[in-house]
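Take a look at the structures listed below.
Both of the next two complexes hold chain A, though its partner changes from chain B to chain C.
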Partner chain A sequence: MQYQVLKKSSFNDFIASLARIEKVVAPVARGYNTFSFQEVKDGQDVAVKYIPTILPPKKYFFPQREKLIEFNKSAGTLEALLEYEKMVIFGVHTCDLAGIQCLNMVFSDKPKDINYLVRKNKIIIIGLECNEYCDQYASCKVVDNHLPNGGYDLFFTELTDSFIVHVNTIYGDELIDKTRLFNPAEQIHLDQLEAVRQKKREIFKDEVKVNHNDLAKLFDKSFDSKVWDDLDARCIACGNCTNVCPSCYCFDMLDNLNLDLNTGDRTRMWDGCQNEPFAKVAGGENFRKTRGARQRHRYFRKFKYPVERYSRYFCTGCGRCTRTCMAKISLKETINALVDSKEEKK
Partner chain B sequence: MKTAKLTDSEYLVKAGKIIRARQMTKIEKLFEISLPGGESLDHEPGQFVMVSIPGVGEAPLSISSSPTKRGSFEIVVRNVGKVTNALHKFDTGDTVGIRGPFGKGFPVQILEGNDLLFVAGGLGIVPLRSLINFVIDNRRDFGKVNILLGCKTPQDMLFGEEVDSWSKRLDVNFDITVDRCEDPDYNGNIGLITKLIPGVTLDPERTFAAVIGPPIMYKFVIIELLKKNIPERQILVSLERHMKCGIGKCGHCQIQNYYCCKDGPVFTYDQIKDKKEAL
Partner chain C sequence: MSKPRVAFFDFTCCEGCQLQVANFGETLLDILNLIEVVTFREAMSEKSEDYDVAIIEGSITTEHDVERIKHIRSRAKVLVAYGSCATIGGINGMKNKFPLDEIGKYVYQDKAKHFPTLPTRAVHQVVKVDYFVNGCPVYQPEFVKVLKCILAGIPYAVPDYAVCVECKLNENVCMYDKGITCLGPVTKAGCNSWCINNGNICYGCRGMVTNPAKNGQMDILKKFNIALDWIINKLDMYNKPRELDERK
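Let's look at the complex of A and B:
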């Protein structure tokens, strides 16, 4: 649509006036090199320069616990419900925008998940560009998420003394109007934006020994790789990697009965394929018994199966799984090991 | 946090009324269920439903009755977990939640006109019965019908009377075997179900095999079927997984790129033969 400019000196006012319109959540510093999306009231609360938060903004779209059904046994009633909250998320990096796009695909795949689809449209997304790598764990270039690919209402890119803002939807445009702090971008701003992007094209290189298109082909031939045996020996099956992943959407269903033993709810909660009982069936058979098989499943759910079903990688390149792994299993190292082991076979 | 009522949630359940309950063995109980207003479940043989009890939970269960049986459907519940344990305490007149039917069942339109070989081991009879009875109720629409059953002991055979009636039909070839039997008067087959397959006379080109049993059974039965030259795409299996959602989201039933609840539970052997973790 158009570009607007917000002076850095007006940033605090922008967040404050946004917070008067709607609940605003944004990355907030939580100790050394640790950030999380939290409600903010003022721009000073916001960590504009941050590495991927502990949990991705997925938590607002697909909450860790979500009531789907409420029942009353004696009254014989059972109703489906939607829990939602209108909000503006400020500061979503391109990796996490990609994660939300992945979830959109999954939950709009038929049969549609109405809870997710209604809730997502109550949330306004303001993206924020990474002008350089956040840290050594990110691999956003190889999955093509280092540059914005849509999925936002507004998108902020930091320039010298201002932010240039891409207005992508009328909902974004409304916030520009209501906050009254923006000016239309001039050519000099557009030139600066182009310079940022140009520099990014130089800085961001494929982080692994395989390029974007060959990544899928690598996984076509990696199911029986010895690399999974190595992960089998190292993984401790804590499930951290799936918990922090912006595109993991596995869940479990749990019935809760209140203390009156009459009313209660059916709740879905995050689950992960790394947990031992995840693929177990009633007879005791476990179809992914080993940690290696479960790790392989996780990687294939990022680089192969979704490519076949949704024509895109479900790895967003955020690096969270590597950052959080207690056994120091690295996504980039795993991919490189797969490349190496494939070459050895030749 | 605001809440709103949803009328189009996939997680809404229908009130299923138990109109008949029968303890079949110590651990297996049959329930006949009808939906409100006599609504038809409208399932395909081989599909499953999510059965729930508020406050306890939901479990995926195979539909055991044929869609030709109208007005109600049947499930058989083996008492193995929290939900099934609670279900065993339910009786005629009680209500359970029903979602579904889910998944891809047996492709009955494709099976029509062809010869059929049914192979059911143990609890596999429960879902396969939906197809067997469908075929028997539409008997003239199918070619030769062979039914092979296997179970642990003669006492473990589910649907005894019905199985007996299949065995007596002139338009069905029937055989049954048990793993072991201590009754000295028993004069039937003893041994694995795989032993019954070589004895079946069939035209492999026009035979579809439908196989359901415990995971270990598939591997050996399929070897025997391939020896009979039945094409891989004409061998149908139904795979067991613990679905939590039934709609291809929760991930529990995933078999590589397939969601067992959406792309299955019925697969051709051709579809899954190269998929490790499938069988």
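Let's look at the complex of A and C:
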């Protein structure tokens, strides 16, 4: 374990010198208490205190729209495309680190997604600890993402007048060397870090009426719950929840022909289970016709199916789905309603 | 394959959607390699009654319109409703909120009897439509997409999900977070959230999604404290003739 310290007064210099070495993206304030990851040149551009961005940093690993193939009909040729960019993402909260870990598992699974994996190797991740809850929508404790759990090259924790930085990889170590603004941590910094973590253990409590280990079991018995009928009546299927989710990875494939009617490309674009046409197949059959069934599917894709396949929850606790829901459907309220409806049956 | 002969026609509209074609710039040259434009009042003097594809801008608002659109339909192999007025009735649909004679008198006063009028209808409410290009004005990249579908002889499906979907992908700050009412949540996507990307709200010019979740939407109005008649007025600016579909 290696810890370094960066004085807060050197933070702007750190981002500026980093930006001279690589493209740097970080959370930037957009007004109305909204943020998004954008390119920054200086520390002043960075919103160090921020609530989860509109879209998670997923967009850099798995872009909203991505050309995969270019083809030429008359020549009978196909060319696989792979566009990537070296960059450093600064300020990734533990929830979003977990999101990237989820995607890593999915896209490393067979068949491997080469575009994703190549891009992932070109991106350096600098995590940033939340010393307290970002807002009332977060549920990081119940999915155990409130404390760092790997998935980063460097990890920043804010102390009184400095950041203590955990160096986790050789790439992180190189950035420390290149920027020359860090000093090795002393015992006093380590003590302060432990105090931050201790305080967090007190502040962060299970946000719902069920603990981490029993969540999957709750969903095992909730397929026919009345709770989904309630969501059916309230959801408007705007797709906001799946579009902002750090672990949703569904996409649609589109073949586009250019106006020469000979060349074209195959593009993938984010898609989501809440969209009306998503589960529609040829002939017009729709396997998840109702909004309630689609909402249930979304929850099961976070709390049940990935547990069976990847042994982890795919909810990262970031709270984005609740924050962005037009109908104010709340993840925490839904889970609590499932708990309550089970108890009523007893 | 010989180039399909394409004719543009305008009914009750501002002809702004056709202007989108004239405004294509270089892309227009590529398009003209694929089609032969035989009638296009806005850009050329020649006319022809011999066409394969009829592109219709405007809504149907008079008996004369009805006769004319039926005639065009009988001659065209493919008929495209083009722009909000043609696809959903559009702005002209606001007329349907008032009794016809009242509207006639308001506009033409004592000459109203010389201007007989009908409730505004979208083109598909009068004749069969093969392709829909929604929007006020149409979104050029979508028109190109539809054109390619016509040339390939395959259907084009207007995305039947909310503008919010594309808006989120573009990572716009939600208008509701700014305290502004936006019709994105009920309006069909396909415009790449054009207006919101440029700081405006969605006015619903592409028509409502087919399954707009009435109960859920009512909940939302309550939550954001938006009066029902106010939002219906907003919707009716473009979407009033939808009622004629619902009655069917």
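We take it that the second predicted complex is superposed on the first by the 345 of 346 C-alpha atoms of A that agree within 3 Å, B and C clash if a C-alpha of one lies under 4 Å from a C-alpha of the other, contacts with A are read in each partner's own complex, and residues count from 1 in each chain.
FYI, a residue touches a chain if its C-beta (ideal position, glycine included) is under 8 Å from a C-beta of that chain, and two chains touch if they have at least 3 such contacts.
Fair warning: this is a prediction, and the values are worked out from it, not measured in the lab.
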Partner chain(s) touched by A:Asn243 [first = chain B, second = chain C, both, neither]: second
Which superposed partner A:Ile114 touches (first chain B, second chain C, both, neither): first
First, second, both or neither for A:Leu257, with chain B first and chain C second: both
Which of chain B and chain C A:Thr324 touches, first, second, both or neither: second
Chain B versus chain C as contact partner of A:Gln64, first or second or both or neither: second
Partner contacting more residues of chain A (chain B vs chain C): B
Contacts of A:Ala233 with chain B and chain C, given as first, second, both or neither: second
Partner chain in contact with A:Ser36 - chain B first, chain C second, else both or neither: second
On chain A, positions contacted by chain B and by chain C: 256-257, 261
Complex interface listing, chain A residues touching chain B: 67-69, 71, 73, 76, 78-85, 106-107, 109, 111-115, 118, 223, 249-257, 261, 264, 266, 268, 271, 273, 278-283, 285, 287-288, 293, 297, 300-301, 304-305, 308-309
For the chain A and chain C complex, residues of the former touching the latter: 30-34, 36, 54-55, 59, 64-65, 233-240, 243-244, 256-257, 259-261, 269-270, 272, 275-277, 291, 324, 326-328
Contact set on chain B toward chain A in their complex: 1-13, 15, 52-58, 78, 80-81, 84, 95, 97, 214-215, 240-242, 244-245, 247-252, 254-257, 276-278
List of chain C residues in touch with chain A within their complex: 27, 30-31, 33-34, 144-145, 148, 151-152, 157, 159-162, 164-165, 168-174, 176-178, 184-186, 209-213, 215-217, 219-220, 223
